[in-house]
Amino acid sequence: MMHIKILDQAFEPYAQLQGYQASLSAEARGFGATSVFVGTMRDFNQGVQVQRMVLEHYPGMTEKELSRIASEAEQKWEILDGLILHRVGEITPPDSIVLVAIWSRHRLDAFEACRYIMEALKSRAPFWKKEALDTGERWLDKNTAGYK
Amino acid sequence: MMHIKILDQAFEPYAQLQGYQASLSAEARGFGATSVFVGTMRDFNQGVQVQRMVLEHYPGMTEKELSRIASEAEQKWEILDGLILHRVGEITPPDSIVLVAIWSRHRLDAFEACRYIMEALKSRAPFWKKEALDTGERWLDKNTAGYK
Amino acid sequence: MHIFMTIQVRFFASLREQIGIADTQLEASAALTVIQVWQQTTGQSTLPANILMAVNMDYVAAEQPVADGDEVAFFPPVTGG
Amino acid sequence: MHIFMTIQVRFFASLREQIGIADTQLEASAALTVIQVWQQTTGQSTLPANILMAVNMDYVAAEQPVADGDEVAFFPPVTGG
């Protein structure tokens, strides 16, 4: 059971986590381990100052692909609950871009599932970033690898 | 730069994270990735109901060993800031036991450093759990491995 | 035999700007694969390197056949997260 | 030659309960290693399996020599986190 949400407004990741955790089902309350990742917009990327960016996505496919990634994680690890949030639209530093949180009984499942979902999201979920620089705009051409 | 604190009172992990993040130095505010782990006391462990537990520690060595672990992580990965909190004393479910958070520019550093610190803490930081069960008390004899 | 299909075609991000099309409909009187949808929509014979393709919001390869009513999308490597 | 040392010795958790001592001082007139501190404090000749040892809050092996004023600690596998 994972909750996936695309947001067009800024969100405070730790307030979201507190609220979401308070709403967990009785079974999910048996968690002993929570692994969280938060991706934040920096005002500096690839050597230049970034004023803001626009995060475009493919509505419908984004949710479908994230659900597929969540299901893969649920097949690989024992997960009690999960939360995936992702911003779209115009974003300024230091807004949060993405949040992935996994609640499990044991830490191995939480750590590995959280990281798996982030890496899969980075390589497969249809989002694209266009940065506004002092000198104009640029599309990011690819994400960097997250495993060594 | 990491902040390490042993707490004898309950703490709300996400409120702590929000507060700590708001206090980061100007340089640390360049983070793009935050990886967090929270360990929570369950009311069920190794097949039996657990009412409460006492977390004993070795004052002085706990802080020294956690600082050593933090330094090792800072040598291995690029870390902007970190927070390590650990409860001691009498604890009841579902209190938070441990929080490890790492702020980095990139996600590989944040993910790996956070997990490294948790695994090292589990195997080296001098804390011991004594659980109170319906049938009496028991010391936990060892932590389970966190890497596959 | 007369096959008649209507395919919804979408382009995203930098590819949308390069092609100059966000959404279009393609009508076809014969079976098509995804690369043929690309060729007939853009007038370009080859696919750009690293392009990604989806049919009905599932990733597919260029040789995947498409059916009447399908939504076919073309986009550059994703950069979310 | 007369060596005179005072060593602070500490036991934690289940080991503290088994030995029945939390803290004690050991006075010695000859050089000692950690295992000798164990033997003289507990009266037991061998170390329990999996026991952990620290001198001045650093992990050490059983053959580590100790010096005047050192704090030596013995404890079971740790179970924090």
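First chain written, first letter: the chains are A, B, C and D, and each begins at residue 1.
In this text, a contact is a pair of C-beta atoms (placed from the backbone, for glycine too) under 8 Å apart; a residue touches a chain by one contact, two chains touch by 3 or more.
These figures come from a predicted structure and were not determined experimentally.
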Distance between chain centroids, defined by C-alpha means - chain A, chain B (Å): 23
Inter-chain centre distance, chain C versus chain D - centres from mean C-alpha coordinates, in Å: 73
For chain A paired with chain C, centre-to-centre distance based on mean C-alpha positions, whole Å: 27
Computed distance of Cα centres, chain C from chain B, in Å: 49
Sequence positions of chain B contacting 2 or more other chains: 39, 118
Touch-based graph of the chains, sorted into line, ring, star, complete or other: line
Chain-chain contacts as defined at top: A-B, A-C, B-D
Residues on chain B engaged by chain D in the complex (per definition of touch): 39, 55-58, 60-61, 64-65, 86, 97-98, 118, 121-130, 139-143
Interface residues, chain C side, partner chain A - complex: 10, 12-14, 50, 52, 54, 57-59, 73, 75-81
In the complex, chain B residues that touch chain A: 12, 14-15, 17-18, 21, 29-44, 94, 105-108, 110-111, 115, 118, 144, 146-148
